[in-house]
Amino acid sequence: MKIFEQHESNVRSYCRNFPTVFNKAKNSIIYSESQEYIDFLAGAGALNYGHNNDYIKQKVIDYLNADAIAHGLDFYTLAKEQFISKFFSSILNPKNLDYRLQFCGPTGTNAVEAALKLARKIKQRTGIFSFMGAFHGMTTGSLSITGNKKIRAGIFGIANDVTFMPYPYGKMANIDTLEYLESVLDDSHSGIEKPAAIIFETVQAEGGIIVASIQWMQRLRALCDRHDILLICDDIQVGCGRTGPFFSFERADIVPDLVILSKSISGYGFPMSLLLIKPKLDIWKAGEHNGTFRGNQLAFVGATAALEYRGNIGLEKEVKLKEFFLKNFLNEKIKSIDEKIEIRGIGMIWGIDLGKFNDPMLVKNIADHCFDLGLIIERVGRNDTVLKILPPLNIEMPILQKGCSIIQKAFIDCLIQKSSSNSELEKIGI
Amino acid sequence: MKIFEQHESNVRSYCRNFPTVFNKAKNSIIYSESQEYIDFLAGAGALNYGHNNDYIKQKVIDYLNADAIAHGLDFYTLAKEQFISKFFSSILNPKNLDYRLQFCGPTGTNAVEAALKLARKIKQRTGIFSFMGAFHGMTTGSLSITGNKKIRAGIFGIANDVTFMPYPYGKMANIDTLEYLESVLDDSHSGIEKPAAIIFETVQAEGGIIVASIQWMQRLRALCDRHDILLICDDIQVGCGRTGPFFSFERADIVPDLVILSKSISGYGFPMSLLLIKPKLDIWKAGEHNGTFRGNQLAFVGATAALEYRGNIGLEKEVKLKEFFLKNFLNEKIKSIDEKIEIRGIGMIWGIDLGKFNDPMLVKNIADHCFDLGLIIERVGRNDTVLKILPPLNIEMPILQKGCSIIQKAFIDCLIQKSSSNSELEKIGI
Amino acid sequence: MKIFEQHESNVRSYCRNFPTVFNKAKNSIIYSESQEYIDFLAGAGALNYGHNNDYIKQKVIDYLNADAIAHGLDFYTLAKEQFISKFFSSILNPKNLDYRLQFCGPTGTNAVEAALKLARKIKQRTGIFSFMGAFHGMTTGSLSITGNKKIRAGIFGIANDVTFMPYPYGKMANIDTLEYLESVLDDSHSGIEKPAAIIFETVQAEGGIIVASIQWMQRLRALCDRHDILLICDDIQVGCGRTGPFFSFERADIVPDLVILSKSISGYGFPMSLLLIKPKLDIWKAGEHNGTFRGNQLAFVGATAALEYRGNIGLEKEVKLKEFFLKNFLNEKIKSIDEKIEIRGIGMIWGIDLGKFNDPMLVKNIADHCFDLGLIIERVGRNDTVLKILPPLNIEMPILQKGCSIIQKAFIDCLIQKSSSNSELEKIGI
Amino acid sequence: MKIFEQHESNVRSYCRNFPTVFNKAKNSIIYSESQEYIDFLAGAGALNYGHNNDYIKQKVIDYLNADAIAHGLDFYTLAKEQFISKFFSSILNPKNLDYRLQFCGPTGTNAVEAALKLARKIKQRTGIFSFMGAFHGMTTGSLSITGNKKIRAGIFGIANDVTFMPYPYGKMANIDTLEYLESVLDDSHSGIEKPAAIIFETVQAEGGIIVASIQWMQRLRALCDRHDILLICDDIQVGCGRTGPFFSFERADIVPDLVILSKSISGYGFPMSLLLIKPKLDIWKAGEHNGTFRGNQLAFVGATAALEYRGNIGLEKEVKLKEFFLKNFLNEKIKSIDEKIEIRGIGMIWGIDLGKFNDPMLVKNIADHCFDLGLIIERVGRNDTVLKILPPLNIEMPILQKGCSIIQKAFIDCLIQKSSSNSELEKIGI
């Protein structure tokens, strides 16, 4: 690892929490030379179909062997044609959704930037409303709508006209956050102009796994309609089936004006991002937003195969079953350990919030202990006090259970053993 | 193509100029179902080693077959280790350069954004100087330092503290642009604060193939030193050997503080970007700039293979030979056609500037005619009046010559034939 | 009036509501050639001591006759010395307050701008929190912290880093506005940085006569202390005795870090403004904020005389008596007319809010009718639905009563007479 | 002076250079208790008619005695009517100029802010071009177009969309500054949008007495016409006859779209400012820019009297004579002392530039020595190396001569005596 410490910038981060050199991966397991790890991080959401998914892999290798277009800017290519076709036939059409597809620079943040630009262009207003706790990316525009002050510092306040609104979490859960938002819009002296768009996540993942209620999302959609404001759904982390249906907003039966996809869209961890635009809003002029890699052909190949794979194995149903398992496990086996523990989540994204312990080191210790025990798990949320459970959607049940057991053991080791007698452990069923 | 026109956003651009569906490519040739095209666009600079380079391709397929890490966030991986090792041994060490490597979100614009953030953080100043004619990318931060007003409009003026300075081109070539810049810094009443950094391209490609002189670059470096300003070289388009040596600034014998690479760094057109940071400037804290795809493993594999390939075939020398050919050809065969034609370029990036004709359609007609004749060539610069010649660096000489002949024929057809008699054509050697 | 309509800019406003040419004024009466008007506007708060107050006038004329300094930039002058001396002996010292005095450009907005600059300089943070409904002035900095969107439009969003917080009014009165504000500060992911200062009015006058509670102000002060944020009180309109004591914040027993005075400080309607700075915060360097007229000597003379006059006549006590009268009158005689009427106020600033009628013309009609009946009264607040009662503090009781009777008559004429029978009028005591 | 040092903010500045308490003034002389001073500062340009001008004074006292309106917001008043009438009959009409009059908050900076707002509203563009070296005031908007970096720091870069263009001074005098400006506008890739307006001073006073040439101003006006940009003339310091004619731009025979007046417009040093707007550009809505003191009635009275006074004494002609005297004196008696001295000026504003001595203390010493010898003179320009000669326009010739002699003596004492023998002094005629 010396070469990394010597030559790679200090900015590297995940590797610090999982300090080993990985060399192989398959499905839900990732390997270093000497050990194997269950992966509850799944490429931060980019590996919903697991590592090196065999079905997708074969399509990719075939494509490479055929000397098909590997890099094609935004040329018309067969790989892109097939993806568009499959995306409509298997996703948009069955859901009665109609969107134009913009292939952005292949990172989520690039599609967020495109969405902000397009929204401002459509409405000819510069304001954007974002929510406290939101995470949308690290380039200047995306960072301007991201709540985390530590990373926001990078833009030195020089991108602006963003207003942060309360998201129903923490103390803000005590007020009617959307009534607040609407009061601001309705008050001619509030000092805050009507924005071009409101951007939201149905589940704030980096914010700490905060799940918006169906009613809240429906009211948000209605509010945007009432005030002629665009609604942008950033579905980068919790789209592509993470909460069950392909889009995370489906459970609320709403249709955002713009939808941002990335992470797992390519199916194989290849960089790709997609902005979905309601057809009548597609007022872009040619080339107004571009980028050299916006046609990552291998990603198109992977994405098409991934959509086939989803259908073949009935993934959405599988997620429901695992959601049921995770919900029960976390509430029965983990929450019961200490009443200060909070469990939040939906589908296959769950958080174990230890914020009430007021002890950030505790959470780090648990995560580190998990790693020692063979599990990769990330910390998110305010002060990094939330353990985020984000396995590949197609993780085999025994591996999912094993990963959960590791978490349980780590909690017991870090929280209970030192202070509790065996009899007390027995009481909670360990 | 109907599916694209119906479902892909209006923002698509290259495909409008080259309206066919491509399905295969090899080295310097790209194929549609019915035709083949010589590629003088080379993925806008992302394909310096040609399409589906066999050497690189084999390494990539082997890697996929081995189920090595396909997506690894910024984990320590074997693929990254091998790239770092090779990049130091074959590039940095022989040139006596020392930089820390930051793997950014895999687009050039992401690395530009990282550079801006880091520069501001280092100097604790918010200002950036950029040059008129510059192109640095389409996300908010990068767009704020990009000169093209039409695309800048996308940020609605809400990212700021950027000052545009004159680049020695057009009427600005009549003044001493760096004396101007320094006068601004020296004048306590100029209204313009000392910036954190000055970002520049050694060759403004999108600006119209404007080649900075060695003396200008050396004076710029000295000026930055004098005023404690960081110098950032955006080597996205003309790095990776495009001008001959690996870095385009080598010809001036200067060392920028930060260097941005992307496009051809991965060798195979895979998305990748790299920020090089002088070791003492690497003051990032862990995770201050991040991104899901910043470790595009397949790109690392391609990049390592590409560096091997460069050495194996002696690419730098080859570029010099082709530069000689292109320079002669363009000046003798094209410039001679009409004195209003200007030729500019270096290495294997050349521009034929038709601005003095005051006829944007003329340039479009020539490019379209080239396409009909089997050549892909792009227009850049103010009002898109510059034809940009940007073939793969390893293009076979006969193909390079054939591509050039097509250009010549297109010029004659569009500029001369209608107005000139045969005898006049003979006079200029056609 | 033709000359005004022809040659004065369309921006003129008050004159449109009171369309006559005034030529004389004394105490609480202002005269046109043909009519006299009771003045319930008092120079928008600049004439707390009435028009052409005899005591002050004599001092001013004596000063002019003596050829004492009429204009002296910020030179040391006798007039300034005497004002400083009197301001300390009669105001600051008895209240155990200690402030440095900054004489700003002689408009309230100039002192607001100075306060913002100084606060940012002290804390080296750029953010300012202001409150919805706030009015602080019309120059770029002051407008950036003013809530009224119609007039804010003038800055086109190009001054920034201001966050508007809820003021306890309207729907926002349903939430704990300061808990909201503190939650934003406490949340590391709220997207909103800790500001340099919070600026507030103890009574939002232009916002619609919204009186902050004592408890709210005390909690605001404590919150600022807790978070190391400066507290700025804009006492331009309701300072100088308008609410009773000299400073309006005295009733809450708090001490702001910066206090802004203007309007009535000069006593005679002469332009003057004053920024009070806690001594340890006076980190200005010489000349960092300046202005040609910041030493308006005649204003100093008036201001000194005004402070003498206040003491001589026991003004504070008088205000208390008139407050009692106004409160009773408005609640008994006006509010009783219709339950949709709301009465708000303190000291000698009162508002009759007709917002619930949803009929902006109604309020305009009442004000116009008052003018016809010989009373000058302004409309403020959201949609201008609040009649603002702001007489000179030293108005003679019979004139105050007469002015109030005119209001009552105007209400009856506009609200009741058309729709009500005489017997109904009798029931409400008319 | 103790009371000032103890209680007045550190921001005070002029008083530090002239540390005495002034108590009386008449015409061109200002008195402390023990000494008298010739005033070559003239209230920084606010006292073009001298201190306590008898003609104006009598009108002001009469007005006060009559209990005419002392404070009238923007009501229609007799005082305002008379000023408008006189301003048209004696200034605008004879010059064939037609402007609407906006009475702004009574400080120059307030009128600058109004001009910026109006220009942006008219053109619906946010950009403003200002010139390096410019000074326009200390509120956020005005400061954003002011070049002095030390005082600009106060806005922390949070007001923007201002571009500084070179003014023909210093090294910038070597380039064609207006060709530079137009190149920026013409270049579609310059990164700098077409502004709403260009604001300029015909003589940069604070910048160091830099006089724009007639040709430069005419080209600037033509350039603005060509590009549909408004031209704003800030005539605060050099208008009102300072350069001879009432407006300083008259010598170039151009008509700006907006003109800003303040300082000497009221004639007596009373705060007042005026924005002149071409009638067709007066698109203000009522109240879009306002302010409590924008109708400073005493200032109107003074201003009317001042215009009468100008005519009565034939002031414009007098200025021409004194310009001739000053020009000769400075070039013959001062410039001859040392070739490093530069003389610049026009009308009755002149600068002695000692920048080439690279010795800021030298200039301060000379100014201090002048003060000791009974002359008040200010330092301006880059590093405060320019002595600014700005006497009242109606200064009596003997006093003007005496003031000049004091300057000469101070130069000799500070520059020559120590280093030169008597014979050398004789050679230069002393």
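Going in written order, the chains are labelled A, B, C and D, and every chain counts its residues from 1.
Heads up, the rule we're going with is that contacts are C-beta pairs under 8 Å (C-beta built on N, C-alpha and C of every residue); 3 or more make two chains touch, one makes a residue touch a chain.
Since the structure is predicted, the reported quantities are computational estimates derived from the model, not experimental observations.
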Hey, which chain ends up farthest from chain D, C-alpha centres compared?
A
Over half of the contact pairs shared by residue number: find the pair among A-C, C-D or A-B that meets that against B-D.
A-C
With chain centres defined as C-alpha means, what is the inter-centre distance between chain A and chain B in Å?
32
Centroid from C-alpha atoms only, then distance chain B to chain C, rounded to Å. What do you get?
60
Taking the mean of the CA coordinates per chain, how far is chain A from chain C in Å?
50
Which positions in chain A are in touch with at least two other chains?
126, 150, 157-158, 160-161
Looking at which chains touch, is this a line, ring, star, complete or other?
ring
Please list, in label order, each pair of chains that touches.
A-B, A-C, B-D, C-D
Write out the stretch or stretches of chain C touching chain D in their complex.
1, 3-4, 7-16, 18-26, 30, 41, 43-47, 51-52, 57, 60-61, 64-78, 80-81, 84-85, 88, 100-103, 105-110, 113-114, 116-117, 120-121, 126, 137-142, 144, 150-151, 154-156, 158-161, 262-263, 268-271, 275, 277, 282-293, 296-298
Quick check: in the complex, which residue numbers of chain A touch chain C?
126-127, 130, 132-134, 145-150, 152, 157, 160-164, 166, 170-172, 175, 179-180, 183-184, 187-193, 207, 382-383
